[in-house]
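Alright, structures below, take your time with them.
Common to both upcoming complexes is chain A, partnered first by chain B, then by chain C.
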Partner chain A sequence: MNTLPYFDPALMIALPLLAAFLIPLLKRASERIPKFVPLLILGFNLYESIALLPHSLQKPIVVIIAAWQPPLGINLTIGPLGNILALIISLVGFVVAVYNIKFVLEEPGEKYYMLFLLMITGATGMVLTGDLFNLFVFLEITSISAYALTAFIRDRNGAEAAFKYLLIGSISSTMILLGIALIYASTGTLNMADIAQKIGQVDSRITLAALILMIVGFGVESEIFPLNGWAPDAYSQAPTPVGAVFGGIVVKAGVYGLARVIYTIFSFQGVFHFILIMGIITLLMAEMSALRQKQIKRMLAFSSIGQMGLVLIALGLATQNAVAGGLFQMFNHALIKPLLFLSAGYLVYYSGSKDIGDLDGMGKIKPVTSFFFAFGAFALMGLPPLNGFWSKLIIISETVKSGYIVLAALALTGSIIEAVYYLRVVGRLYFKSPEEHVKTKYVHASAVVAMSILAGLALFAGLFPDVILHYLQPAARELMDKTQYIQAVIAIK
Partner chain B sequence: MKPVALVLLILFGSSILSYTLGKVHSLIENTIALIALLWAGTVFAMQYGVSDTFSFSMAGFDIVWRISILSWFFGMMAFIIGLGVVIYSMAFMKDKERIGYYCFALCITIAGTIGIVVSADLISFFFFWEIMTWSSFLMVIYYRYEAQKAGIKYFVMSLIGAYSMLLAIFLIYSHTHSTRFDVLTVMWENFSSGLQIALLSLFFVGFGVKAAIMPLHTWAPDAYRISPSPFTAFFSGILSKMGIFGLILLFYVFSAGSLAAHFVTVNGVALPGYLLAWFGALTALIATIIAIVQDDAKRLLAYSSVAQLGYIALGIGLSSSLGLAGAMFHAVNHTIFKVMLFMAVGAVIYRTGTYKFSELGGLITRMPYTFFVVLLGIITLAGIPPLSGFVGKWMLYEALLQQKMVFLAIVTFAASTAAFLYCYRLIFTIFLGQRPERFDHIKEVPWSMRAPMLLLSLLTIYLGMYPYHLIDLIGKVESTLFGIVPVDMSQSVLFSRMGSVNTLTVMNIVGVVFVLVFVLFNTLYKRSRKVVLKDIHTSGEVPGPHINLHYAVDFYQPFSRGVSAILKRSADRLYAAIGENLENLFDLMRYIYTGNGQTYAMYVVIFLALLFVFSQWLV
Partner chain C sequence: MRKVFAMLFLAIIGFYLFNTFALIPFGKNKMNADVAASYLNSGVQKTGAVNIVTSIVVNYRGFDTLGEVTVLFLAATGMGALLFRKKPMQRSRQNASVIVKTGARILFPLIIILGVYVFVHGHLTPGGGFQGGAIIASGFLLMFMSYRTYKVNHKVLSLFETFAGTSFVLLGLFGLIWGTSFLANILPFGEANTLFSAGIIPLIYIAVGIKVGSELTAVLDTMLKTVK
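Take a look at the complex of A and B:
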């Protein structure tokens, strides 16, 4: 494979951050510039993460910031896992940026783009950093921009949802901070590789406390039941592209944090069983709650939680293949959920109502948008030859292989429930006769392009799963075998 | 390129091509589908006895495709019927909306079916199984507005079946570390009996849903009823056979049925097979009874289809050479006559726009070809000589008697006899009796609809004359693949312990008698005076509007009353009730998400506290 030239990986964080703060200035030059800034920046990030991939697959790239060697200074550690997640984040961000070109109709637009870029900065930072406290800082950047974006449509519901998110989110960050403090106090270092090396010598009661605090903290972001109360409200009240970004990016970063904590930093074995059980509970609870939701975005939010449950099951199984399957599921979900959100956003926009009941007959009026929604629903249900099929297959396969047959059966039951509620919506789109008052505006080309990219990738990943798995296996190995990660960072010394 | 891969490529490629190019002109869609089917079918047919294998690895699983003789057997059925259905659709779907969608779904379904039969590992089997499920689901929902309920029911039941199959697949995978059929054939006997029972029940649910074996059949009447008529023919003829194909795989290729050692045997049949036989027989009986009381041609045929698949399952369960041969013969018969009947009923719908018996009647003079097809169809269905239906049923009965299964035989006989009732209802209420005036000027259907029906009629006559040709093929499948001694048969004489039948003689006698009567009738008829068919039972009185004049209204009323006690219990309503109650139960979960921020914060704190309390679990 030809390697593309790449730039300093730190730019993937620095550029969006810089651009975010430049946007208000650029707006003075021209009203139209801000909407293209995220496109440019995310295009760069996308290119950069693709260009880095062959290198990080060889061995983790360690970027030293400000000439302080690890473990003293802050460093970026770009292993296959971080790189792939950065790729997913940039990809979803890019697609949403394309979609944004037309969709953000509410002013003030430039603030929206600013917050959007900040959120990308935070999420990218989270997956690339090698420093625990840095991880926390980036999580905060992500969360705070997420709170603001939730309330972006300045109405009562948005504010309420944002407040709930803020409430839960601050509890979570407090806990993470406490956990980090405990670790720092007992190991004297914040470098994740260094912590992983030294954690064995620390009193296990302290590490256990830190672990619990961090599981709860990151559990909120990765939507573990019952810590996910904020999610349905935030997803459904935020502007459509933001919902897509929540499902495609923010959750992924949260899960990454959780995976880092349980796999790399700590070495408790019981925690995997716990994650496994929480995974299945999260999955079932979410699917059951989604079944009778009246608002389409709330339904999608619960479905998103359900999918994360499946990822947690994979992480909890803690086998190489299962983790790869879980990452594949994350990848697929990052493609499909934004697709569903973006198409649902347009459907909601046309019908003028968030209720599923008002989407009757959209398939006739808006064939393209409805098609993308149906496509996403089929992909999410895991129907071949779309991408969801393989990730679900691998996870279920590994679950049965590890001997959890009942658990696999329960997860499949969840899938059946999922099929029921998705088909009901798809059914409404196509079977019912449309109502009279629906606006007949055309879908903007930017939205069609954005959705086509996602759908095309979903089909590609479904037809050639090995291409994706080729990159996911090393990423799974990075989680399973932390010595490699530690070695790469410590060797810099 | 390997022929097997080429076949799949042509089929899947054609579906996408026909959809995209079909936007240009509507004729292109059908033409592409037709060419692709002919091309792929020829390539496929030439692989007879070659056992061509193509394997690669995908997502960490071994994928093996192979055209074994069993695949060839079922694949050719799919190709022949597929071709017939495409030709039939050309006229049936003309000037209808969404032809592109229709062609796409039809092609994908055929491709999925071929994919299933050529799969030689469980993962690709499941892959194509799911493709077949969603593409046929697209077909079921073709008539959008009315179809949602039937469609979702079909899809959900299929998913339940597919997922239980998936569990079985991974149970096998976790024990053998392989999903290839040939590995499984060898490894199955090493499984513990508990595992075998689990696998058998899971697979049984998986295949039973597709084969519509009671009590997993409830999707079938609605889905058959609502899907476009040409597709219903394919649905009943081929898709349901995939369940049968799966059962054959399970019992003979995975050799689950022959391993009697682990199980109790009943009359020389291992318990799983014996149970399957009973499921099949009861399905046949109950579905037949339900079919009799239907007032809807397609529902009647749907229940009849369920019943016939019951016979086939019975034959598979018997696990004897004769039983399996009978099952496979009957499977071919069922495919032929059910496709004929569904196409004929489709033709009636095409011309009259209704499938209610009580609105039809007297179409014999208007649609004589269709009448002829239905006549031959029901003769085959009822298993009356000289057509091929007789041979299949004869073999099944004999297999039953060979194993001394008297009760099963009685149940099957009863079902088979009762089937005459609905056969009669089908042909009488549509074609005989008095014709409603509004149908006085309808014409016979176009040739592209007539041709497939008539060709299939010829096929059933041919198989009735020379069943040897098919039995020989079945014998080859049995001996090469399952190591079973095939049925004794020479040219047209079917030997058995009870005696022998020369089908050719029977056919000749019937042929001579039929032709003789036909000629005589025609000469006499020519001389007779033609009168307009009028109802004369009111003797000139003008009947009031409250008097039902149509024979087909409340047809078999005493019978319906007699069986109404049985029909009151319906598996369908039971499932609907279970679904409803479960959904209400799930609805309670929504109370967890109160929408109250404080509550959510409390959850976090409680969760944290619980974690600390049970922190030892995490170590």
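Take a look at the complex of A and C:
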């Protein structure tokens, strides 16, 4: 296979930062420029992560920064996992940037694009970096832009949601920082590969405390059950594209942090059972809460938490197939949840109300948007030819193979509940008679393009799951067997 | 009842964490560990900066500093977005007394000079870009508190901010073009302990100082303006 030429991967972080710093200046040249900046930069990131993929699949790429060898300086370690996640993040970011072109914004518009671009850059940095403290810095970049974007509409509810998110998020960052302090104090290094090598010699009481602090910290971003109170409010109060990015990107970066911590840095066997149990609780609690929601975006938010529960189950099983299934689930969710959010955003805009009850008959008046919503709902539920089916099938069959029949039954129950509330909405869209006061505006072309890309990719992943799994298996292997990851970094020394 | 429960819970967590942290010999000499030791032993020769803290912050871990600068930038941008008003607001404070006003007028240039001194000499003396920037912002705060009508031009501030932020990233990119990697040093080290030493470290710290100073000034100005 011919490989595409690629640039230094540090540019995937440097260029977005440069662009974000330049946006205020570009805005003075023309008001229209800022909205195209994220499109251009994320397009570059998308290209770069595709071009890097063949190389990182062979062995992790170690990118030196500031000319210092790994344990002394910071480096990026781009294995298959980080590369695939960076690809997903850039892809979803790019698609949402397309949607943003015609998205109606309040003043100050250019600040929105700066925050939006930096949120995605933070998530990209998180999945690419090979340094634990650097991971924390990028987590901060992601979450601080997320707080500001949650409140961007500047109404009371948005401020409340953002403040809640800010409080929980700050506590989680503090916990991660304390965990890093413990690790640094006892290993003397911040490089993740180096830590993974030395963690065995550390007093197990310290490692356990550090592990707990980190799981709680990353648990907030990855929406584990008792730590996800911020999510429904933040998802539903933020502007639509931001909600889509939360579900598609921010959560994925959080789950990556969690997976990296439990698989690569620490080697505690007991933690996988804990993650498994938390996964099933998260799944069931979220699906039952979603069933009771009256607002469509809140329902989508709870459904997003439920999907993360499924991913946690896969991570907790800790077999290679299960982890690959979990990554597949993350991939699917990253495509479908933005699709659902973007189409639901239009449905809400048409009906002028956030309630599910006001969406009656939209399928007849607004066939395009409703089709995308229904498509997303079917894909997420796991209707056979679509992608959600394959990832759920892998996770549940791996649960059975590992001998957890009860857990598999519970996970299936969760999926059935999910089907119930999605079908309820889809049913309302198509089988109820519409109300009169619906706005008669067409969907903007940019939104249709954005939603078609997502739906097309979801369909492709459903028809050819083997192609996707071919790339996800090495990523799962990277998590299961950390020696290659460590070796790649040590070899640079 | 709930409060008692929460306090008990916090106490247990606190006790557990305290005991864990007590296991680590903080304050003891652990400098023979490899990373810290090489910072201390070869930092001056390899970075040219006699202030080891600066060489770690700006050179060894310069990528983190770029991230931290972005975090501050985000905080300022986010606040600017959330407190945005179509009509400009005013500060509610009355004018201060003549003594404060006169004192502020005399001190203001001195504070700015001190701030500039701190970030220009970041590689030689304690302090650096963040500290120098904060000192500059405090000088502006003194003026805001003394004169009700003292104005700063936000367009000029954002111009400074953009200039400083882009020069940090551009310095990094120059490292990629003319050196071996992003943020790599491309300038001669010079003679240690002199102003023109330590390669790109002082340049980065000047950029950071300007950026932090203009950002914090803009933040203070926005937050003090509370009435129409």
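Everything that follows uses one rule, which is that the second predicted complex is superposed on the first by the 492 of 493 C-alpha atoms of A that agree within 3 Å, B and C clash if a C-alpha of one lies under 4 Å from a C-alpha of the other, contacts with A are read in each partner's own complex, and residues count from 1 in each chain.
Keep this in mind: a contact is a pair of C-beta atoms (placed from the backbone, for glycine too) under 8 Å apart; a residue touches a chain by one contact, two chains touch by 3 or more.
Everything numeric in this text was worked out from a predicted model, so none of it was measured.
Q: State whether A:V63 touches chain B only (first), chain C only (second), both chains, or neither.
A: So A:V63 only meets chain C here.
Q: When the two structures are overlaid on chain A, which partner does A:P5 contact: first (chain B), second (chain C), both, or neither?
A: neither
Q: In the superposed arrangement, does chain B or chain C reach more residues of chain A?
A: Between chain B and chain C, B touches the greater number of residues in chain A.
Q: Identify the residues of chain A that lie in both the chain B contact region and the chain C contact region.
A: Shared contact residues on chain A (touching chain B in one complex, chain C in the other): 209.
Q: Per the contact definition, I'd like the list of chain B residues that touch chain A in the complex.
A: Listed in rising order, the residues of chain B that touch chain A are 57-60, 123, 126-128, 130-131, 133-134, 141, 144-145, 147-148, 151-152, 155-156, 159-160, 163, 166-167, 170-171, 173-174, 583, 586-587, 589-590, 592-595, 597-601, 603-608, 611-612, 615-619.
Q: What residues of chain A sit close enough to touch chain C in their complex?
A: 8, 10-11, 14, 17-18, 20-22, 24-25, 63-68, 71-74, 107-108, 111-112, 114-115, 118, 125, 131, 133-134, 137-138, 140-141, 144-145, 147-148, 151-152, 154, 159, 178, 182, 185-186, 188-190, 203, 205-206, 209
Q: Mind pulling up the chain C residues that touch chain A in the complex?
A: So the residues of chain C in touch with chain A come to 16-17, 20-21, 23-24, 26, 30, 33-36, 38-39, 59-64, 66-68, 70-71, 73-75, 77-82, 84, 86, 158-159, 161-162, 165-166, 169-170, 172-173, 175-176, 179-185.
Q: Across the complex, what residues on chain A touch chain B?
A: The touching residues are 160, 163-164, 167-168, 171-172, 175, 204, 208-209, 211-213, 215-216, 219-220, 226-227, 229-230, 232-233, 268-271, 273-274, 285, 288-289, 291-293, 321, 363, 378, 383-385, 389-390, 393-394, 396-397, 399-401, 403, 405, 408-409, 412, 415-417, 419-420, 423-424, 427, 430-433, 465-466, 469.
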